[in-house]
Amino acid sequence: MESNKIKISIIGSTGYVGAELVRGFVGHPYAEIIHLTSQSFAGKKFSDVYPVFRGVCDITLEEGDYVKIAQDSDLVITALPHGVSSKTVPVLLENGARVIDHSGDFRYKNLATYEKSYKLDHPHPELLGEAVYGLPEFYREELKTARLVANPGCYPTCSLIALAPFLTQGLIKTDSIIINAVSGVSGAGRKSDLAYAFCETDEAFKPYGAVGHRHTTEIAEQCGFLSAKAVEAGKATEADVVKAVTFTPHLAPFKRGMLASIYVRPSGVFEGVTSEKVNEVYQEFYSNETFVRVLENKVLPDVKSVYGSNYIDVNGMYDPETDMIKLFSAQDNLGKGAALQAIQAANVMFGLPEDTGLGSVIRGV
Amino acid sequence: MESNKIKISIIGSTGYVGAELVRGFVGHPYAEIIHLTSQSFAGKKFSDVYPVFRGVCDITLEEGDYVKIAQDSDLVITALPHGVSSKTVPVLLENGARVIDHSGDFRYKNLATYEKSYKLDHPHPELLGEAVYGLPEFYREELKTARLVANPGCYPTCSLIALAPFLTQGLIKTDSIIINAVSGVSGAGRKSDLAYAFCETDEAFKPYGAVGHRHTTEIAEQCGFLSAKAVEAGKATEADVVKAVTFTPHLAPFKRGMLASIYVRPSGVFEGVTSEKVNEVYQEFYSNETFVRVLENKVLPDVKSVYGSNYIDVNGMYDPETDMIKLFSAQDNLGKGAALQAIQAANVMFGLPEDTGLGSVIRGV
Amino acid sequence: MESNKIKISIIGSTGYVGAELVRGFVGHPYAEIIHLTSQSFAGKKFSDVYPVFRGVCDITLEEGDYVKIAQDSDLVITALPHGVSSKTVPVLLENGARVIDHSGDFRYKNLATYEKSYKLDHPHPELLGEAVYGLPEFYREELKTARLVANPGCYPTCSLIALAPFLTQGLIKTDSIIINAVSGVSGAGRKSDLAYAFCETDEAFKPYGAVGHRHTTEIAEQCGFLSAKAVEAGKATEADVVKAVTFTPHLAPFKRGMLASIYVRPSGVFEGVTSEKVNEVYQEFYSNETFVRVLENKVLPDVKSVYGSNYIDVNGMYDPETDMIKLFSAQDNLGKGAALQAIQAANVMFGLPEDTGLGSVIRGV
Amino acid sequence: MESNKIKISIIGSTGYVGAELVRGFVGHPYAEIIHLTSQSFAGKKFSDVYPVFRGVCDITLEEGDYVKIAQDSDLVITALPHGVSSKTVPVLLENGARVIDHSGDFRYKNLATYEKSYKLDHPHPELLGEAVYGLPEFYREELKTARLVANPGCYPTCSLIALAPFLTQGLIKTDSIIINAVSGVSGAGRKSDLAYAFCETDEAFKPYGAVGHRHTTEIAEQCGFLSAKAVEAGKATEADVVKAVTFTPHLAPFKRGMLASIYVRPSGVFEGVTSEKVNEVYQEFYSNETFVRVLENKVLPDVKSVYGSNYIDVNGMYDPETDMIKLFSAQDNLGKGAALQAIQAANVMFGLPEDTGLGSVIRGV
């Protein structure tokens, strides 16, 4: 082990998010993986579970002594179910590790919203205030010193990156934000479930969780924070702060990828709205962001173009017939939507250039 | 040839719609195919172009003498590009055939809307009034005696079947109808085009034609007619007649299938709206329809379940958090969205039970 | 119920083979389904398990009283695991039903081979002699009066149809028959198994069971019978009777379909072997068969062309550089490889034209 | 530009092989791309053609001044059609560049075999002797100083890596080497061709070029060289030197990946052959190779596990029933089968560790 590298451990490393974290970190020049845990596969090598990693990551999986793991590591990343993370993360923090958590347990500032959305009591609500929502594009400063980072949900990342330039500048009406989103099958996780069997999923396409999907409230809370900035800037009123959004996820027959198609209307602040101006808003807002690629005018995002990467592609158009703005964003649900965004956040946390280990991670054909 | 069968000819039979027409008619007990035409493959057997049809349909493709074809046939079905149909169909009609046309050329009642949408002058606008829009669920009576049927577009069929119960009864606000729709790749037709190559399309997902897709105005015109029925019934006012809709198509990596996800708000007429009531509206409206399957409460449509068939599955939900009704419909874009719907219409035109030859045409796994 | 129809019951109807049997029989003009059983889903409607069948087959699934089922039915089709069939089928026979069984339990004439291949003792070896191997192309006469039919395995059907013309006429050497075969994922059955999850199977391709797959001995036994005909005809000697074959199955990322690529060498009997002559052998041998489509010279079989049908496409080529004959056959593993072949056999058993209900069952695009 | 990096130019950079070369080199720490050429897209940015590369490689494509390109570059990689390479490569060499060529034009030592296989006269047969066959595992020493490297074909790489340990040690009979191979669709290149359209290719699987595919002779020539080593070592006789092989390629519905299933028989030299011993032969032969992963006994290669990487996975089994050895190898046809193998060769040519830039290039899920 080289002492100048960031010591990383991953709790719950054999799900698809865990595997993508491993893929990201084995190519990271300033990080080394110390511990990988798995309840199901403890004792096996990581590459026994994912043969693609043979010779790339042959670390033996541990059941996991969280105290020791926390003490050994600079950063522990948890890819655990909600309700489990809320109990595990505090142990890790107490023992000195910084933590990035992938569950919904620390993503909310409003405890009641969390408890209603997840139908759980939170055992450590005192951590909600401290936890930083791990979207580097919005919370970069807070991440630098964060002890606990709540990695955003995949749908929220995709939705919020698309909406932020318009919400923060009061350019859209906030009473009707409609997000129609599509995810690849890996979003359902790695499990033996007939619903995700090849013969059941190939050539299928359907909505699910059409009312009350948990990510709805996560998106709405963050949209609330973003729209509050427009109020601060005098471009909107308190009444314009987002309270709820319409969100519908769909399952599509590809392994990785996510597309959000968003329908909003321009507010009075958006003068002379055209497709070109919608594009300009994006260009300006994200001009310094490495991982948000604003496509040139009228080229629309495609999940194919972000596969395997930490990029999120965005663009939008205005339809004068119906006075509707359509916003589109595409990301890899395991990449920018989960594991690679966590690596981006880790880079910020440890003072590295944000694209370290992530700059050329793309898939070609 | 058996004289008691309906004599069918298909103009432009080697595209995907043409092939699906052939598939449908070879299993039809009261129809026989007389002529198949193809500009590109004249002289070859149909089964040379589509080897799956070897032994099933080995008819030799003709370049096509439209006068003779019309005289020989009871029904001619044209699967030609728009702008070509408008010149070919009149010749067929003049020579005594009844015609079902698959292009956009005869779908509109408003000439100006057609000419603006298709950027073409119409050579035979006098036929627009006569042409019957080939959705049997709405125009069954007119189809019985129709000389010219304009088979609806795939996106319009999917959208209109989902919206009709609500529009005709004034149950939804008509100023913001948002249709987010997804099509399989066969919708782009059978052609050598890199954009639809396997390596470019598999694991891709993207919006296209996000503003100004032609089906937008076709949907809007028919929504206008449907909403006018609510005015007639005293459940809405003239101001509620639909003038425009928001429509965004997307391309998904499966061969056949189409899903529409529609966002509308209940009007004051829809008292006590709930998900259950949305479902009841569907159940009542389509209780006598064979091919519209209203799913049981909270089961949502999936393109997998309609693959290869003339069925369209519908359901909807109401989200009280945002006062939004979400409607969903799934069909096979080549089935109910094109060729099999034409066979359904042909059955009506020739006085046959509407499901003749279509009742058990499904794909299992 | 119409009394002039064949009364069919299916035991184990909710697996993929069962569902394909239902799909086939609902479109069959002279058969009606009486009972469908399912251990897992008894009490539900068949269309609850397979929503694609809504309105097409809404029969309620029964746990199954085999005595009553046998008494009610003209034909019972069992789609049960091996080891279960061998106990269930005798009960059905005793109670007067004719039976088509899909397991391996009644496919062998040699008890020892069965018991070694399946690692099971057979509780009713007395039935092995009576059971007719359900390949209509080889055992048509025997099927007409058969009480018990053992529906062939999918790989054996594909391999034997390709090899039969050459084996029966002594045209190939029998000491080295190499069968490299590929199956779609539905061959693994309908089950919650991570190995067949979409994310694990899409874009995967691999051999499995490379030594000792059960179908190896089933193929070999039938090849023995076919090659014995060449001995009878004086075109080969006892030493040429096939005792073993080399067989390797592979799993490919498509739902349905199977391709066999077979490598054999011409014997001395095959004078002046060329690709053209290989094709002629097929043309002659299968000239009266509806479901074996011999492709024109040098067009090679493709699983796409047989999808959803009972067809099997064959062709072959001769490579003079290496004195090797390559034979290829493509079928749908659930169609000619399982359920639709059973319907073909049922048609023979009940004196119907062999293609009744099967003639136009194809998928187009 | 950093002067201590290897200056790379790619001729024909917008095909799939070209794009994979770009993907590989943008992540390579000691190489920089100087020129990219394209006949079709000159003047556009590389990322206009492949949007996935936005921000990763935005180099402007040139039509190509080969003299200047050669003078500017340390290494020029050509991804041109055969017959074009044979004219272009000499110009590049004359102007001082080292060259790796992807076509078949410089892969053969025997001119007659090339000219027969490619049906072309070779304009520069004098280069055939000099050209090094770019399989680092066999020609590592020659590559170090090579001026011209002929990158092997995808099928030959997959076949030869699997066969080499057995051929060089005389362990198998050489009169009947049967290679049944399967490729993903990207092997057909990037082009507008209906045969490779999504709707034509998805769920299809078929053999092609079943007799006389060009790679057959390329494999045979190299097998000849490998088997000659067994003669040198006294383990075989001149008669055992391979002259021809049986090879059949198939097209499978996945974008990238290749699997070879090879059937051979043990020679008298292979004492006590078992599956375990077959595995041991691999383990020993490839113990020092980074990119050849010998799977543990009885785990078989899967194209999924090598996707996007330069790895090739191998294993084999022995079937005592038929005295047959089955060998299996899986690689990415664009990776180890083309572009990434070229980067491996480039690393050897320029004295870098062989896995530079390639070590962790894998795809996870």
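Order of writing sets the labels: A, B, C and D. Residues in every chain begin at 1.
The definition used in the following text is that a residue touches a chain if its C-beta (ideal position, glycine included) is under 8 Å from a C-beta of that chain, and two chains touch if they have at least 3 such contacts.
Source: prediction; values computed, not measured.
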Is the C-beta contact count larger for A-B or for B-C?
A-B
Could you pull out the chain whose C-alpha mean position is farthest off from that of chain A?
C
How many angstrom lie between the CA centroids of chain B and chain C, rounded to a whole number?
38
Whole-Å distance, chain A centre to chain B centre, using C-alpha means?
39
Multi-chain contacts in chain C: which residues touch at least two other chains?
16, 186, 190, 199-200, 202-203, 253-256, 302, 304, 307, 365
Quick check: in the complex, which residue numbers of chain B touch chain A?
176, 178, 180, 182, 184, 199-200, 202-208, 210-212, 216, 244-246, 248, 250, 252-257, 259, 261, 263, 275, 300-304, 307, 317-319, 321-322, 324, 326, 328, 330, 365
Using the touch rule from the top, collect the residues of chain C that touch chain B in their complex.
16, 19-20, 22-23, 26-27, 50-56, 186, 190, 255-256, 290, 293, 295, 299, 302, 304-309, 311, 313, 334, 359-365
Residues of chain A touching chain C in their complex?
16, 185-186, 190-194, 196-203, 253-255
